[in-house]
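Before anything else, here is the set of structures, which you'll find just below.
Same chain, two partners: chain A is paired with chain B first, then with chain C.
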Partner chain A sequence: MSVKTTDYSLLINNLMLFYENALAINNISLKIEEGKITGVFGANSAGKSSLMHTISGIILDMAKKEKMKGGERITWFGEMLFKGEDIINLPPHKRARLGIVLCPERRQIFSESSVLENLMIGSYLANSSQTKETLDFVFELFPELVKLKNREAGFLSGGEQQMLATGRALMAQPKLLLLDEPLLGLAPSVEQRLSRAIQDINKHTGITIIISEQYARPLFPIIDYGYLLENGGVVMEGTSKELMDNPDVIGAYFGI
Partner chain B sequence: MDLIIYGLINSVSLVLSSIGFALAYGVSRVPNFAHGSLYVLTGYMTWLFLNQYKMPYIFAILLSLAIAGLVGSILYRYILIRVRGMPISEIIASFGIGMAILEMLRWAGLRGGTYMLPPFIRGSIDVAAVPVDYQRIIILIAGAAVVGFLWVFTHYTKTGLSLRGIAQNERAALTLGIDSDKAATVALGFGSALAGLAGVLMFPLGNITVQSGYEVLIFAIAVSVCGGLGSWGGAILASFLIGFAQIITVTYIASHYHFVVALLTIVIILILKPSGLFGRQKELEERV
Partner chain C sequence: MQDKRKERIDRGVKVRSDTIYAISSMKEIMYLIGPRMGLVLFLLALPLVLPIYWQKVVSITAVYALLAVSFGFLSSYVGLVNLGGALFVGVGGYISGLLNSAYGLPLYISIPAATLLGALFCTLVLLPCLPLRGIYFAIVSFVYPLAAVRIISATGAFGGTDGIAGLDMIGSGYGSQYFIIVTLLLVTFGVSRLVSAEDIGLIFRGVKDNEQAIKASGLNLTMYKAVAVFIGALIGSFAGAWLAHLYGWVGMSLMATDFSILPLAATVVGGTSTIYGPLVGTLLLVPISEALRDFGTLRIVFYSVAMVFFVVFWTEGLLIYIKRKYEQFERWVRV
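Moving on to the complex of A and B:
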């Protein structure tokens, strides 16, 4: 292939992932452009989460734990270039150091710590001026969190928890932010609120963002490029306009 | 009055001897059953440095604590890390190593009588007409200092906060750039040094014996189970509960029952509230 690797934030070539003998990701190649929002859509078992785990490196941790327990064998092949560097076998905390930060599915906030502590734990990789700056940005983005600062995070509502999880990921100073199903289980008004916030993050900071979601409708307006996954493979890709104009997509992902 | 003062002292000694275990478990979810052996090992090493090598007391203590921390970290880094996530194996591995250390000390000649650490300051003082020796006062102060230090450490320092992150949700912490193995190594080392600190503070009150290693482990387990595994606040509260219960039993029934109290607490708590006083189920996490 003759693409210049530096034009892209992330390049995935021919990625395959197996859980034991079950194929979870089937020969996926993605090109994630620097500073853009890319959507990855698909139903349950399409391979979205597996893909997000492979990009964030969580899959290495899963594989390690499974191996220790003598459980499922997780194997993967392919190439994953982040700013030109192959990271396919890099553990997740080292990827975070490079700037790949995951905001995990179902939020996974630190429920016994306060909202502010969650954000401070998130700032592990940031220096003190970055911490202060990002904290201000997060509170500006989600003013709701300001008055909940000292509340135990486990007592927050679903929408607030998602805002917190997103803010926490921002505190880690991402260059590539992965949002795994950020709209899961949210009311339509909160959905809109969050997708606007995601757009704001991208506009103000220029962070490259990958979002995975089942239901594409609230996200189509904000994404630059999208991939549709089915059974672990990419079945369609295009700009948000191309996808929106496609009758198959409308049938499958808009529920019309 | 003695009841209150000695109950307080006994409770604080329990805090000191169990907080290391609770800390390490809270962060790494590895129950360090070698805890008691590190308690004795540190006492023995301090004795060795003090008497064989004629080191100044304070230096002997600091060196022993450093070694205890190192032993704890190595224990995790090279042994427990391999059985991580399999609770039974973790217990067997760490308990086996703990036993090996203790029985090795016994073999090396550590038997009661000859092995004693001098108190930091000799003499005693009357507190509300009850004579209390200075060593016990030092234990009180040290206990408060350790708890205060841990609180500040886990709330205001980056390392401390990252340890709490790992304790609550390892994967989320990983994606924020926190190395969970490094954090657990730090926690185990820290917990072991705290076990050692309890040792050097408490051995001046009696003899250094192999037996006390097993006892301290049982106390640490009793306190952690009662307080809720992994909950430091719970561990402190449970220390006071068990500490006072022990002193009351010793005063009104018989002194050899203090051990029974600790074991009985485990049984009662497991019947009434298996998650411990402050233990939590993780159901809130998945609220949508």
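Moving on to the complex of A and C:
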């Protein structure tokens, strides 16, 4: 490999993922630069969520569960280097300790715990001073959550839940933050609000962020580099400007 | 580096027999009906080849198998995990026993009557619990037979702890053995067809998947659940009535927890998501537990270990595994 692996936060080489005989990720290679925001865009079934699951390691759990049930076998091949270390077969909790933190699709908050408890559960990997600092940062980022601190999280609105989920992921002191469809089902104004917050996270903490989303437009101004997926493969990649100037991309993915 | 992965492919004969080519040759026809014929022939041959002692086990096994089919139907296809199999057995048994001893009805009337009345009674008492789902329904239904036993022993109703003795007996000849085996086969194939090929089976599976969507489709959820419980209770009550006349005696032991738990164990071992899984599970478990009778209570340990093994390491169950091997083969392919 000629690329110096340490230049990148995450380096994925020739990743393939099978759900039984169905190819979900077809020979994808990604280079995620340190401290940048990378977007992964594509329609349903493009392989975005599978990719996020593979990076966060959840796929190992899913494979185990399916194997026990005798259901679909999930197999994957390829190389995934996080700060120069191959993590392709590392279980998800160990990846979280390395700093790869997933903010899952559909938020997946602990709906019967309070907002504050949700955030504290996220902070198991942090020491107490980090926790305090990050908590302040999260409340600064999402002032709405301060008022709702003691509210049961299940009663929050969709937008507030997404803020909570993002905040919870931040509490785990990520070095690489994976946001799986953070704008799912949100009003345009809340979309704006969240994408600005994501940008702030990146600016203030320097955390590397990968966002997957179907509708790229609201995220478009904040990403540094983007990949377009189709049927499990990368069909196009480039900086946000390059993608924006491509007429095919505009028609197909940005919904103009 | 050459990566390889194991690929599962449907066998050619499976693909052909999914379509009109199923009747194109003897091979395809045999592929389809072979396993079912195997089951039928195996069960029909049992009374002929087994020694006398084991012939008695056949009847008991068939009764348990009926309960397992009822449990499998309710849990895998309607989403009602019914741990109250003993209630069905007890109610069926007691009704048949009463009709036979108090009213002098012959057993060929009392058993069918008990089947119907028992199913009606069970459906009525379970009606208030039907909004419950999953573990909650399991808990409540589990409590019913336990409560019934306490009520009977406390009030002394229906002979109290002594039960009702001196009922007409079913002989243990070939006639009765074949009757219960054929009934078992009819029930199994009937339920299997009901859930896979009939409209109401589609609704049942919908009830399991998503109750809200069923309501949104304009279907009366409680009614369909009640119908499902009625079908399950029909099978269970028949098993109970049969058992009562097999022993010539009805008592509180007809509400024993065995009748609730063994179907669950059989389903775990045989595999969910087909009706045949619980059946195959029972055909394995009951004879094994009978063979281990010499070990006394220690056989519970063997039993439990087998169950834990299946739950933890082989969740799919035997039949699903066999079915997959029957339909598919594996080969290595280059990625």
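Throughout what follows, the second predicted complex is superposed on the first by the 255 of 256 C-alpha atoms of A that agree within 3 Å, B and C clash if a C-alpha of one lies under 4 Å from a C-alpha of the other, contacts with A are read in each partner's own complex, and residues count from 1 in each chain.
In this section, a contact is a pair of C-beta atoms (placed from the backbone, for glycine too) under 8 Å apart; a residue touches a chain by one contact, two chains touch by 3 or more.
Worth saying up front: this structure is predicted, and the values here are computed from it rather than measured.
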item: Touching partner for A:129 - first (chain B), second (chain C), both, neither; value: neither
item: Touching partner for A:168 - first (chain B), second (chain C), both, neither; value: first
item: Chain B versus chain C as contact partner of A:68, first or second or both or neither; value: both
item: Contacts of A:150 with chain B and chain C, given as first, second, both or neither; value: neither
item: Touched partner set for A:20, first chain B, second chain C, both or neither; value: second
item: Larger contact residue set on chain A - chain B or chain C; value: B
item: Which of chain B and chain C A:89 touches, first, second, both or neither; value: neither
item: Overlap of chain C and chain B interfaces on chain A (superposed complexes); value: 68-69
item: Contact set on chain A toward chain B in their complex; value: 56-58, 61, 65, 68-69, 91-93, 96-97, 101-104, 106, 108-113, 117, 120-125, 154-158, 161, 168-169, 171-172, 184-185
item: Of all residues in chain A, those that touch chain C in their complex; value: 16, 18, 20-21, 68-71, 73, 75, 77
item: Residue ranges of chain B in contact with chain A within the complex; value: 82-86, 155, 158, 161-162, 164-165, 168-169, 171-180, 280, 282, 284-288
item: Complex contacts: residues of chain C adjacent to chain A; value: 3, 5-9, 313-317, 320-321, 324, 335
